[in-house]
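Two complexes come next, and they have one chain in common, chain A, joined by chain B in the first and chain C in the second.
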Partner chain A sequence: MPVQGDMMTPDAEALAKAAGGAARSAGQTPLEAGSPEMDLFTGLTRLGDNTLILGHRISEWCGHAPVLEEDIALSNMALDLIGQTQFWLGLAAEVEGRGRDADALAFRRDAWHFHNILLVERPNGDFGQTLMRQFLFDAWHAPMLKALEGSADARIAEIAAKAHREVAYHIERSADLVIRLGDGSEESHARMQAALDRLWPYSGEMMIADAVDLRLAHAGLIPDPASIRPAWDETVNHVLEEATLKRPEGNFAHQGGKQGRHSEHMGHLLAPMQWLQRAYPDAEW
Partner chain B sequence: MYAQMVKSEATNDDPEMLAAFQARIDAGERIEPKEWMPEGYRKTLIRQIGQHAHSEIVGQLPEGNWITRAPTLERKAILLAKVQDEAGHGLYLYCAAETLGVSRDDLTEQLLSGRMKYSSIFNYPTLTWADIGAVGWLVDGAAIMNQVPLQRTSFGPYARAMVRICKEESFHQRQGYDLIRKMAEGTAEQKAMAQDALNRFWYPSLMMFGPSDKESVHSAQSMAWKIKINTNDELRQKFVDQTVPQAQFLGLTVPDEALAWNEDKGGWDFSEPDWNEFYEVLKGNGPCNVERIEARQKAWNDGAWFRDGLMAHAKKRDARRQAAQMAAE
Partner chain C sequence: MRASVEQVWNWLGEVPDPEIPVISLTGLGVIRDVAYEGAELVVTVTPTYSGCPATSVINFDIEQKLREKGVEKLRLERQLSPPWTTDWISEEARAALKAYGIAPPIDGTAADGVIAGRIARMSGDNLKVACPRCNSTKTEKVSQFGSTPCKASYRCTDCLEPFDYFKCI
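Entry: the complex of A and B
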């Protein structure tokens, strides 16, 4: 139970840790911050929370897309991302070794324990924003998974290989649509440029390493996110040029999602997603 | 049944050609798109296949209503896959209708303006997670009853679309039953949700087969053309006979006090649904008619710039290709 003193605590992470620890079953000590297990758990939830939250966002479109083929494509991608979530969070739970499973991590953590980047929790906006968000993420996701195939942990390499086959289609599709709509009608061009300008400040976070990332990279488990930037830049520059879209000049990057500091949107996303599990904690589904 | 009360169209074709056409149908031959067919046959099929396609599209909405609230990752994936299948069925069916000379955009426009119908069942709300199980078990179960015989329907593209659709629908029905079984075997609250879902979906599911054929002149023509294979009453009986033991297995009560086993007919006696309610739903007075059609209109209107943008790009690309060709020559 938070006390008044909590409000004055500058360290949200420490507070989250304390709250999470209390929520777990008695006798279970949480993983120690900075331990290799905790680092790996954090790294895996970063991967799995990205796919979960983006998959969830895309699934909000179901039945409301501009054309039937897009309804099919979006649910297909959401399905891939939720499938990848099952693997990443499943492995995270195994690494944690505290009796939780992928569902417990997805449906019973509060926002401050989620480690996804801010980009994927951005609201869908119009279809142009949804597509641009997807493209900016896919352009990072595909090379990240490719690099993860070389992880020193065979379990990670295996999940990455499977996911990469799926994501290769995602980037092909989102890049193609960005090009066609950017170089389409006056309105579609304007909407895609507006989407790009709006989302650009959220694209940098996925390529900025923190101490956990660096330790994981040093251990050969998960590559340094900064090492993905050249591949990302190449894809983004090439696609934007063909799409006749102007790459925004600023390099400012909103950050915090990876460390559990999310936008206001996150709570609203989690509320419906976790509602049944929270309202009926004793039920099996 | 995803196509309800399809009015058959009168036909003014040459009597000899009509007789020859009927002889082909009677001999069990398949009619293919480029072959001669009576105008009434063509129009009736467009209406039936179009209505079926629209039902798949609107049917995404009550199930999509729970995708963001599915309680586990696996259930979320199953529901996503199912709704994706429904969209795919819509796509095959629009393609089948297009072989009869009507465009998908044309059919969509008729749906959005209210000139074409979709199945009455999708105007009922999905209020609890158990409803997602009930939709799979009862609604897909009723749809399968109708669609399995349609694999033998006389129009080739429709029959072939049905083969694939039936395979996927059977899968959905099993998944729906599995979901509601988990609820029926779960906590007291889950079991109450399962019973409530059955209470609310039982009669609307029986309505899916349409009113008794005794009152319909259209059924006779459609049956002669083999675009309708069984009567509404036959299918409804079959559905009840299949579903009652499944409900009993779950420990759920079918909300019909008159339900009784009839030894003589080897089937269940049951109460008719409230047909006034059915006609009101068709007229637009169901619980969700307004929301459903507004959701589809919004998707279509909001997506106009997207579709126009793709068309504009395709034109530019063609123009560039032609210019490059001319330059090369």
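Entry: the complex of A and C
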């Protein structure tokens, strides 16, 4: 029988290599901040980290959802999102050109190197919060992918075209359920409104551009996130009205995730997601 | 002597889909091209859904089949564009799906990501999924996602059969 390493005393050299990133250990210089390659790498990790972290979050429901159909639906959507992650992070690694791949980016970066928005790392909470988080994200994700189909980079356009078809079903499902539960029993209505009020301040970040976003938009690679707001507003207003839910006032937005400044939840999410690849780098089965 | 391109297509038509073994990879429409580059056979494959776990099994099965048939120089290429669509599922495969208990996709009903009006557009006669067991169109959707991402869960209100509907994408 092959001898398994003791997970309590992992290979220190391998861990150090993982922590330093493949690039540095290979004597390669990291990409220069502000360079077109670094901008594109950052933009692609923003897309791929959103799908990775949300995909991981909803996979946490596997085996725990209130009914079997919802359990299966969430796991299937997690599969779509993780599959899309492989494309986005695979392309990010290719653009970086430092010998990393999608797995290295997913499993060997620390929290401050992730660029997902704060919304997707929010804990699952009750089922209402999980669905509302999904809906607020899907309402942005679908039009963002549609716009990305027009990217000047054909590699981005083809991933977006594929992902959009899948996400079109995600938004259909999450909108359906927000309506059904919002316009449901007194209890389900109260929970959906509470979820909306709680998550609302986390929804703005995906539509606020920083300098990197603006340079990418100028280059025609990834659209200005602010340009997605009209489509997002239209879907959100329509669905909230059908769901008899009240859109919260104000547009205050917690920010930082896109720049690597995460909430305390991120480390707790990454620990179970990454431990195996950290303890046994390059493990396969 | 190397196998003809037509022969290779026929062999691939004998490889079953790992999830739904009553249809073949060619019937599913995931084989986009078969061609020789010099002495090397290149099979171009497109994934169905981004995260479909069957994708890697499909590649493995293609390679295994063609090696069995004596193909030595072989390369599999992944093609994302144009993205796979259920429109590419053959008529023969649709009949096999129905006989297997899975309602085949209804072309032209793919979700478009636009929510306003979608429910009205896709209800009534616009999306009538027939029960694969009794052919009744008195069916209702249980969940947008069934046993795999490509299917939705339905039930027939006439014969009460629960069944999968292969979603149009």
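To be clear about the criterion, the second predicted complex is superposed on the first by the 257 of 285 C-alpha atoms of A that agree within 3 Å, B and C clash if a C-alpha of one lies under 4 Å from a C-alpha of the other, contacts with A are read in each partner's own complex, and residues count from 1 in each chain.
As a convention for this text, contacts are C-beta pairs under 8 Å (C-beta built on N, C-alpha and C of every residue); 3 or more make two chains touch, one makes a residue touch a chain.
Keep in mind that this is a model prediction, so the values were computed, not measured.
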Identify the partner contact of A:187: answer first if only chain B is touched, second if only chain C is, both if each is, neither if none is.
first
Based on the superposed arrangement, let me know which partner A:106 touches: chain B (first), chain C (second), both, or neither?
first
Quick check on the superposed pair: does A:86 touch chain B, chain C, both, or neither? Answer first, second, both or neither.
both
With both complexes superposed on chain A, which partner does A:255 reach: first (chain B), second (chain C), both or neither?
neither
Who does A:161 touch here: chain B (first), chain C (second), both, or neither?
second
First (chain B), second (chain C), both or neither touched by A:146:
second
Which of chain B and chain C A:227 touches, first, second, both or neither:
neither
Counting only touches as set out at the top, which of chain B and chain C does A:263 meet: first, second, both, neither?
neither
Which residues would you name on chain A as touching chain B in one complex and chain C in the other?
69-70, 72, 76, 78-79, 82-83, 86
Which of the residues in chain B end up touching chain A in this complex?
57, 60-61, 64, 67-77, 80-81, 83-84, 87-88, 90-91, 94, 104, 129, 182, 186-187, 189-190, 295, 298-300, 302-314, 316
Mind listing the chain A positions that touch chain B in their complex?
52, 56, 59-60, 62-72, 75-76, 78-79, 82-83, 85-86, 89, 102-103, 106-107, 126-128, 179-181, 183-185, 187-189, 191, 272-273, 275-277, 280, 282-285
Inside the complex, what are the residues of chain A that reach chain C?
69-70, 72-73, 76-84, 86-87, 139, 142-143, 145-146, 154, 157-159, 161-169, 171-173, 175-176, 234-235, 238-239
For chain C, which residues count as touching chain A in their complex?
47, 49-53, 80-85, 110-113, 115-116, 118-119, 142-149, 153, 167, 169
